[in-house]
Amino acid sequence: MLTVGIDIGGTKIAGGVVDPDGVIIEKTRVDTPKDPDLLAEAVSDMVRHFAAHREIGAVGVAAAGFIDRDRATVIHAPNIAWQNEPLRAKLESRIGMPVTIENDANAAGWAEYRFGAGRGYRDIVMLTMGTGVGGAVIVNGEMYRGGHGVAGELGHMRFIRDGLPCGCGQRGCLEQYASGRALQREANAIADGGGIGRALAELRAEKGAIPGPAISRLVLANDPGAREALGRVATALGEACGGFQAVLDPELFVIGGGVAQLGEDLLTPMRAAYRTSLPGYGKRPVAEFVIAALVNDAGIIGVADLAAGSV
Amino acid sequence: MLTVGIDIGGTKIAGGVVDPDGVIIEKTRVDTPKDPDLLAEAVSDMVRHFAAHREIGAVGVAAAGFIDRDRATVIHAPNIAWQNEPLRAKLESRIGMPVTIENDANAAGWAEYRFGAGRGYRDIVMLTMGTGVGGAVIVNGEMYRGGHGVAGELGHMRFIRDGLPCGCGQRGCLEQYASGRALQREANAIADGGGIGRALAELRAEKGAIPGPAISRLVLANDPGAREALGRVATALGEACGGFQAVLDPELFVIGGGVAQLGEDLLTPMRAAYRTSLPGYGKRPVAEFVIAALVNDAGIIGVADLAAGSV
Amino acid sequence: MLTVGIDIGGTKIAGGVVDPDGVIIEKTRVDTPKDPDLLAEAVSDMVRHFAAHREIGAVGVAAAGFIDRDRATVIHAPNIAWQNEPLRAKLESRIGMPVTIENDANAAGWAEYRFGAGRGYRDIVMLTMGTGVGGAVIVNGEMYRGGHGVAGELGHMRFIRDGLPCGCGQRGCLEQYASGRALQREANAIADGGGIGRALAELRAEKGAIPGPAISRLVLANDPGAREALGRVATALGEACGGFQAVLDPELFVIGGGVAQLGEDLLTPMRAAYRTSLPGYGKRPVAEFVIAALVNDAGIIGVADLAAGSV
Amino acid sequence: MLTVGIDIGGTKIAGGVVDPDGVIIEKTRVDTPKDPDLLAEAVSDMVRHFAAHREIGAVGVAAAGFIDRDRATVIHAPNIAWQNEPLRAKLESRIGMPVTIENDANAAGWAEYRFGAGRGYRDIVMLTMGTGVGGAVIVNGEMYRGGHGVAGELGHMRFIRDGLPCGCGQRGCLEQYASGRALQREANAIADGGGIGRALAELRAEKGAIPGPAISRLVLANDPGAREALGRVATALGEACGGFQAVLDPELFVIGGGVAQLGEDLLTPMRAAYRTSLPGYGKRPVAEFVIAALVNDAGIIGVADLAAGSV
């Protein structure tokens, strides 16, 4: 059975037809309308487009936000004006096919579990280092969704009591210290400090800001300032993984998002911080760390597969 | 079917015969031998004693420590000289009955879920405020055990980066700020500070220390120093629950252990701290807080029921 | 000898003629021009106005910012476009009188030492809880100005490692946790949390924000949410004073700024936090805490007196 | 004039005759008696011994602890059973010479200011990284002693709120993160973590512990684990110096104690952390960092010179 996976981002809606092996056989994208009804229409159009020439069995839709336990309603979304939006019903009535809604980080984690870096494991934690830090928890081969459907918000675990303010209304959330944006903040601080920050400061003077990809290039070129910035966010994430191990006990951490392209340069300091932050280290089994495999398509693939599993 | 539940503590082994409704129909206890073989013998004797006059279907054994995913082996225990101890095999060969091993905090959480304060819920988190802070997570009606069997160590989630040292080898673990022992530490600090600490200081001068139950009595007598000490640990635990909500999304927190006898005096400041520490508060479903119902017998009942469920 | 004291704020310039007993015998104020030259002219005009009918011996000018050790140059100011501004020379050439420049928090602290709540003490620390937290240190009867003239920035002592961002470029500065603005932030967080925050939430719904004076009124009316908010900032400031005692060892802390109008409601929790945060408490002399006496005029009086002392 | 300087440590009393250029022309040491009267006698004997063949004008005595403002009384000492001990009077009546008592860290800081690494500066802060972290502040060429004589306890400035417990009764004091002992603790944690900690772990297995000098040797041999441990304490101290700059505004930080023998290996990460922790960095004058010059004799020289200055 083919299914459609659709990933609704703040600016773009990306969709694809996914086969049972998690392969995208056709893909498209459009701008995200601001109005919820126009957005539902845009998603429906995309499905109709795919369904015009292929048999589609179900549709999965991934979006940032709190999705209820029944995968039917968007309780709240950060980027789109949804509030207890009955998105599944709205879409099913337009499309005439079963629809599954899932949080985008969960969808990406599921894709890695089924077809990516997490294949062969039953218990994984995925962390996506993007603008924020997304999280997904797979327990014994099932998506951990919690009592209300909104579990796995790992980026909002508190890292520093009374720490940096977060868009979620809290202070000190992990994503303020371990995201791609945190990497930029650290790079700026290091640029301000002179010394090893010289290359970062020059970059900023030239571009007016320090773009994430430029930090990565400096890391690969062994610039000490950029490596220090990366070391700080890697350490923060690795320390947090020590705590996630205590609570969730995964076999594997899969690290995704733009920063994860740095591969071992990211994982080496992460693992070191994890080891020195794990309660009972040396007396208990530990987890492995790998980089995500599916990159940008994980949301589409994961939610399409969840849709397939729900029919 | 009747089953036996046995709770091995650092100083005492308590055991009971438990019926399918979670009622203990007979109970006994003995001192805990230091030697692992003598300990296995003591447990076996206790089972033989119960089995002499009743038909027992299975045996559950709860102990502090890391238990492997198969509930067969004690990977490590803090109080007993076990290291990768094949406890299930050892006991089954002596007793001739199926044996299930479980972490004691998990067993207590399971008992609350099945027969206590968590009955009727599917997704609960239990936190036990004793010497340390024990944790158990029930997900969709199943015990969350993780990839290696050692999930749910909620008391070792980090509360303060670079904080107080913990017996687990880490710094800043929640149990250093939210356990019964933390309550005593705060009471001592308040006694040192004069002012509202006067009653605590007098108590300490008289007894040489500030015992936990005496703090509870002062709380009930509205002593401002004791209430401040309780407020600090309640706030710490409530704040931590905000983070557990983000990660685990339970419907219910069940709070057990000696300090929990204070009931609403504990829960009121906990709930206040939870609300102001929950990412996305106001935009998402929240959990309820209740005091545990089964108190000292939860470990016996829980592990007996898990044993019943495994045969 | 009469001297003129002038306090340059971000929006207003206030000036007065001060007699040797620290009494303001005439006072005026004008808007603060944005342009540095117009600003110098406005200050000069104010002095000429006073000098037209009285004999003035010297002029003191207080402003927020880093003033150099010679009290001649404004190294940097947060609100005015000065950068290494030779303000003393500029003003002396226009006015034809000796001019002394001083940091505004230092001037206020000096006024309290000479004529206010700190009279009779030799070693005091003043903390002003306004938008930020200002600091001044008087050592053995002299203003502590440091090696470059910019000592006493007590509001920028770090309170939380990796904490809230501060306008100074750092994270976790004390003023983010113990200023009037911090009081408003805490009040907002408590309003968000429901429960004891109800009155604060109603106030915010009605006014669109929670003004500082309204929090004070609620504190005086014994509202539990407002008292909790005050307790948090008072505790933060009191804890910080424990550290200032270790480093600076004053005989007296003078607390000024709008929040200080709350008097004992502020000082009681501050003292409690100080006692439990003072290294070696019980084995060393401690400081007293009092509310500032001179309120809004402290800057004018202090800098006028410093000007008198420099001729 | 020659003076005698005596440095009373927990195990040894070291004394010397010091000339006006800060040169020790004769030196001796004896064990520290436990009994306060025997200790006073031992100090007196040492002075009599020196005075037998030289003309001595005054005596200075340095000891760990709180010394009162008049440099006459030991308010409290951590290692010796003094409590409000009138040490000056006791010694003067035995010796018949003017005696000055000073805190040992203050004495060492004074020696560096007068004859060591701080010569030519007026405003310095000295930090000694030994078992703890000692501090001394020289302001405008004078020892900063505070309102009660006990200022400059820089090692007890709080570094982490709710952090590691300290012998002073507080939590989170700087000396728990930036002393020689903290270096050993970090080295142990890194040894536990495997990976870069291998050499440290081998050292510990061989010696039963990780001695401070051995860490230094590994740092010099470029061992990554030892360098990481040093980096952590250097970063902590450098960050704290950012705060000391805000409060005390020295021209120079002098770093002493055993760890300081590592020189630039210590100072380089310290300076980096200082720059990124200094409020208003880039808009204000900054301090320099140097290694102390007088090493073990600083206490003797400093207190001898203070004694000379007081007659």
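Each chain gets a letter, A, B, C and D, in the order it is written, and its residues are counted from 1.
In this text, a residue touches a chain if its C-beta (ideal position, glycine included) is under 8 Å from a C-beta of that chain, and two chains touch if they have at least 3 such contacts.
Just so you know, these numbers come straight off a predicted model, no measurement behind them.
Participant: Most remote chain relative to chain D, going by C-alpha centroids?
Facilitator: Taking each chain's C-alpha mean as its centre, the farthest from chain D is A.
Participant: Which is it for copies chain B and chain C: same residues on both faces, with over half shared, or different residues?
Facilitator: Over half of the interface numbering overlaps between copies: same.
Participant: Among A-B, A-D or B-D, whose interface repeats A-C's (more than half the contact pairs identical)?
Facilitator: B-D
Participant: How many angstrom lie between the CA centroids of chain B and chain C, rounded to a whole number?
Facilitator: 50
Participant: Please report how many Å separate the Cα centroid of chain B from that of chain D, as a whole number.
Facilitator: 46
Participant: I'd like to verify one number: the distance from the centre of chain C to the centre of chain D, where each centre is the average of its C-alpha atoms, in whole angstrom.
Facilitator: Computed value for the inter-centroid distance: 33 Å.
Participant: Identify all positions of chain B at which a residue touches two or more other chains, and write them in rising order.
Facilitator: Where chain B meets two or more other chains at a single residue, that happens at 159-162, 169, 192, 281-282.
Participant: Flag every residue of chain A that touches chain B in the complex, lowest number first.
Facilitator: 66, 75-76, 121-124, 135, 137, 139, 144-154, 156-161, 166, 168-170, 173, 239, 242-244, 246-252, 277-285, 287
Participant: Going by the contact rule set out above, which residues of chain B touch chain C in the complex?
Facilitator: Listed in rising order, the residues are 161-162, 189-190, 192-196, 271-272, 275-276, 281-282.
Participant: So in the complex, which bits of chain D are touching chain B?
Facilitator: Per the stated touch rule, the residues are 159-165, 169, 171-172, 177, 192.
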